[in-house]
Amino acid sequence: MAVLIDENTRVLVQGITGYQGEFHTKQMLAFGAKVVAGTSPGKGGTRVHDVPVFDTVAEAAVETGANASCIFVPARFAMDAALEAIAARLSPVVVITEHIPVQDAIQVMTYARQKGLRVIGPNCPGITSAGKAKIGIMPNHLFRPGRVGVVSRSGTLTYEIVAALTQAGIGETTAIGLGGDPVIGTTFVDALELFQKDPATEAIVLIGEIGGSAEETAAAYIKARVTKPVVAYVAGRTAPPGKRMGHAGAVIAGTEGTAASKVEALSAAGAVVAELPGQVVGLVKAHLR
Amino acid sequence: MKLHEYQAKEIFARYSIPVQKGAVVRHPEEILGLDLQYPVVLKAQVLVGGRGKAGGIKLAEKPSESVEKARAILGMDIKGERVTRLLVAEAVDIQQEYYLAFTVDRATRCLVVVASASGGIDIEEVARRTPEKIVKEPIDPFLGFRPFHARQIGRRLGFADAHLGAFARIAESLYQLTTDLDAELAEINPLAVAGGQVIAVDAKLIIDDNALYRQKGLPENEELTGLERDARTHDLSYVELDGDIAVIGNGAGLVMSTLDMLDHFGGRPANVLDVGGGASEEAMKQALDIVTRKPGVRALFINIFGGITRCDDIARGLVANLPQVPMSVRLTGTNEEEGRQILQQAGISASVDPEEAAKKAVVLARGQG
Amino acid sequence: MAVLIDENTRVLVQGITGYQGEFHTKQMLAFGAKVVAGTSPGKGGTRVHDVPVFDTVAEAAVETGANASCIFVPARFAMDAALEAIAARLSPVVVITEHIPVQDAIQVMTYARQKGLRVIGPNCPGITSAGKAKIGIMPNHLFRPGRVGVVSRSGTLTYEIVAALTQAGIGETTAIGLGGDPVIGTTFVDALELFQKDPATEAIVLIGEIGGSAEETAAAYIKARVTKPVVAYVAGRTAPPGKRMGHAGAVIAGTEGTAASKVEALSAAGAVVAELPGQVVGLVKAHLR
Amino acid sequence: MKLHEYQAKEIFARYSIPVQKGAVVRHPEEILGLDLQYPVVLKAQVLVGGRGKAGGIKLAEKPSESVEKARAILGMDIKGERVTRLLVAEAVDIQQEYYLAFTVDRATRCLVVVASASGGIDIEEVARRTPEKIVKEPIDPFLGFRPFHARQIGRRLGFADAHLGAFARIAESLYQLTTDLDAELAEINPLAVAGGQVIAVDAKLIIDDNALYRQKGLPENEELTGLERDARTHDLSYVELDGDIAVIGNGAGLVMSTLDMLDHFGGRPANVLDVGGGASEEAMKQALDIVTRKPGVRALFINIFGGITRCDDIARGLVANLPQVPMSVRLTGTNEEEGRQILQQAGISASVDPEEAAKKAVVLARGQG
């Protein structure tokens, strides 16, 4: 089992002819993901790694049965690409692109909500269901099918944790990179709900960071609904207040949003909180039945 | 990107939001040439908060007093920021202070309007102690914030009669400029009723950095240090800190956890640069140049976990631009083998374990490497 | 019985302090309609014909239980007023105002559809349920409770027909003025459906005019679903093609939209079509059981 | 309000929609001063349709031929409209003709995009005979017509490669100007592929009359006769016809049925004026002045059913501005009693039955009253 994507996921890559799109299409195929189509307006009829390229998502979906999207198009065209994927009823729509203006992201999320579809990201590494499917850019070799669900606001920290889980022989069900921007389509609570329901997931790793109140909201959800062990890590304990740490999602706002507030809320909710990323896997091991 | 109060007010005026008559001066004597009614308020133009409590705002009853007080404020240091400009504005007789802002709300994934009839400097205190005094409503981006929404908010703050229309027009304009200018925050605090008028007495505007490509005609970004500006021009995210270990990492979360690790092992970061996703050889060159140019850097810590970023690109960039300071490298992930080989050929050893590498960086900075 | 509005309808008048708003509030009250509130931004707290005036629809609805709206505000503010009424979940929202830009009307109709609420008009005389309730500007003295439902794109022609029905002793259930603009909230089909279901309505009078294809669509609906007798009249038989007859709704477009095409469609659907308005009541009489 | 082709193309150019290079002339000799590549097309600028079939469009290979043909077209009468201006445009070598328009759709209550790969003068024939060749999609006013919508339409018309992008940009711009300018119709027919370019060869633009108050900078309305323009300035809806009975009514439906009745009884309307809802005394004064100023009017028929309009206002307006021609008045509805009394005092009899009054008007026009 896995959450969000599996063997039935037929991926469309939007922006497949670009540098990143082409490279990661190859990687997804190598992982065993079913990348069935790509889009690149004006380049319909060509192929990339033998994947057929279309001018529009509508044509790609009709011709190939694509049912999920992975977006690599540059930031200034990303909103349009995401709206196009949603209009074609693809789900999830995974937006890898970073530096998308927040008001563009707001439009995308509102449209997805209207249509009842799921967006992941933007500015995220995507989703990987170990041994089954991958949408996004997480390094292939890290994964090994196993027992732990990983959800994170940070891409590189996800890789750290996944690599360690694999090395420890525990393995993963699905890893979900939520993205570091202030407005994102899928939240910790969504992921916790999915992992709690998934019979194959025995424990959950939650990787947060300073800024916003998503971790505090997740803590409330854990307390109310999650019975599986949750191991958490919150990055940015020593980050200077008010300084932007790489993306807008990491601005400390008021009393909420500090690492201390998040760690406290998660601990109070029954999650085990690691002080450094290197401690996470040991804590997972200790709490697996 | 944060704007100065006077810059925000210039934009407000273009959107027909009433502001006090005033002008910006860089030298005290300029005040004598201004055509303003006294008393006036002198306000230090700095980007940090809390200038009032730091003595950056003063009232002056007549021109001579004004010049004298301007001398005291100009050149002042407020939380590390030197005051180079002063906004001189006609004082208004405030009857009541309100709060009005549009900002991005993570929870509802929308812009929200935030308003209160208890405006003024203690608005955060109001929000904490009496959250029921804060009106907060999400805005559908497709429908927008309509005149009727503005009137509804106005009524909830207690506006009536002609003031209701005046408030509504200000709120509509503030929303319009928020969307037109891609503002992350557009705030008026206080919005005041003064002399029968509704007027913006202060103004704060933060523009979404990701949208600057489509925002022409904005003033220059003054929030950044020279090195931060250099980083920005190369699309790198760079922040200055006050320790002695320069840090390069990829991804905001990894970068933050890197700071946490250094702190854990007793190190103090001098700065931190996020090369971001898919960093090229060229980006690595610029990154190395920027972090090591900062005075007082004693060691360099590179912490890379390749995803969209490829280890071989990083390695090539590093080998071609070897820094002068001792360094500790942690390199793993996509194309890890190729990357390690490139480093090995240049005689550089790299770690896989970040904690081991962090410990080494701390040791190097202490000069014990 | 009646359709759309009855004794339980609590009317809010938007623009109650204006010339038309004030006059027709008085008329509605005289008719026996429950006008419970008015709005006029900046004039909250005053009264018009003893009806309390509020600054916003939200306040008026909370304070008075208003559940339907009648809009008299000038054209350039009418879209905002209608959106405000819809946001407050009033229904029907009857827009009397004429000369509203069509793109404003489009926004209003889209928002009402999103919220699942009914708009009547714009540029319409409103609705009158004889002996029960009135929203709009139809002259009071014309009506008498009775057996016929009237639906029309034209205000003054509605009055003609209603007056004649009353004079003939037949009387009306409800008269609905749809409005003459190209984009309107409620159509012939909506009204036919309501009248067909209403047990008190024994026959239906449908008054169309040239332009658009609403009458042709109504004809198809009559053929498929309406079992009650329908007497129709289509104005504009002799209007010169391509000339605008007073409002944009009456521009002949292509082959559809001519009086001939409408008369033919209605006749073929089983409706009885009068040649002049004066013949309508005679035909109704002949077809009433 | 309908614009001339050249006016619409000036607007297109502002929105970066490619159009042929060209200029407007009023006198044939002006053509010699134009800097244009030959051959050129000469196109009569009239607001009625079918100018091509009427000889209003001609090709010219060289300047002398151009001047000669311009002489033939300028001054021509096309369906009652005199040609006073000529658009002279560089001819393009059309490879394929498409159709593209945005317009208001009553059925879906939205703007719709209408497009076809079978453009050209016979588009109405295409729509009637092969409706499957017409692409028609409603547009959500809040979401708008996005770049991806434009590409989808382009693909359905068969555009590919670089032409797909060119088409999409034109479609986006045409939608933008439709909403910016409150157009009821914005049409390009044909939209042509010519010389490796996608270009608007013709242009039609009709602006919503109800939105003219917020549309500044548009050319003057040329669709109207002098009297029609006078009526417009007084917010009255007036149309000229070719009979001898002047007609005043209230409400579009009533006015149309009034014409139907006159026709039924053998009368011929000279014009028709809708005083609209809530007509005042002053409106009635203007209405009487306008309808009776038309030459050849032999009788006046006033058909009023008061709803929002009050009979007493109408009666006062009539009594204060008694017309010179014989008249038949039908007056009923709101404040009917007061209205009849006012008329009676002025010695005017009014009917309640519209058919009776129509018959009387026909008799009066025949001079038998």
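Residue numbering begins at 1 within each chain, and the chains themselves are lettered A, B, C and D in the order written.
The criterion applied here is as follows: a contact is a pair of C-beta atoms (placed from the backbone, for glycine too) under 8 Å apart; a residue touches a chain by one contact, two chains touch by 3 or more.
No experiment lies behind these values; they were computed from the predicted model shown.
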item: Neighbouring chains shared between chain C and chain D, ordered by label; value: B
item: Distance from chain C to chain A - Cα centre to Cα centre, in angstrom; value: 52
item: Euclidean distance of C-alpha centroids - chain A vs chain D, Å; value: 55
item: Rounded Å distance between chain A and chain B, as computed from the means of their C-alpha atoms; value: 27
item: Residue list for chain C, restricted to those that touch at least two other chains; value: 111
item: Per-residue overlap in chain D, given as positions that touch at least 2 other chains; value: 142-143
item: Graph class of chain-chain contacts, one of line, ring, star, complete, other; value: other
item: Chain C to chain D touching residues, read off their complex; value: 19-20, 24, 75-76, 96, 98-103, 105-107, 109-111, 113, 125, 137-139, 142, 152-160, 163, 180, 182-185, 207, 209-210, 212-214, 217, 233, 235-240, 243-250, 254-255, 275-278
item: Residues of chain D touching chain A in the complex; value: 143, 146-148, 151-152, 154-155, 160-162, 164-165, 168
item: Of chain B, residues touching chain D in the complex; value: 142-143
item: Touching residues on chain A, where the partner in the complex is chain D; value: 41-42, 44-45, 55-59, 77, 80-81, 83-84, 87, 111
item: Residues of chain D defined as touching chain C within the complex; value: 104, 106-107, 109-111, 124, 127-128, 140-142, 179, 182, 184, 208-211, 213-214, 237, 239, 241, 249-257, 259-264, 272, 274, 276-278, 305-308, 332-334, 353-355
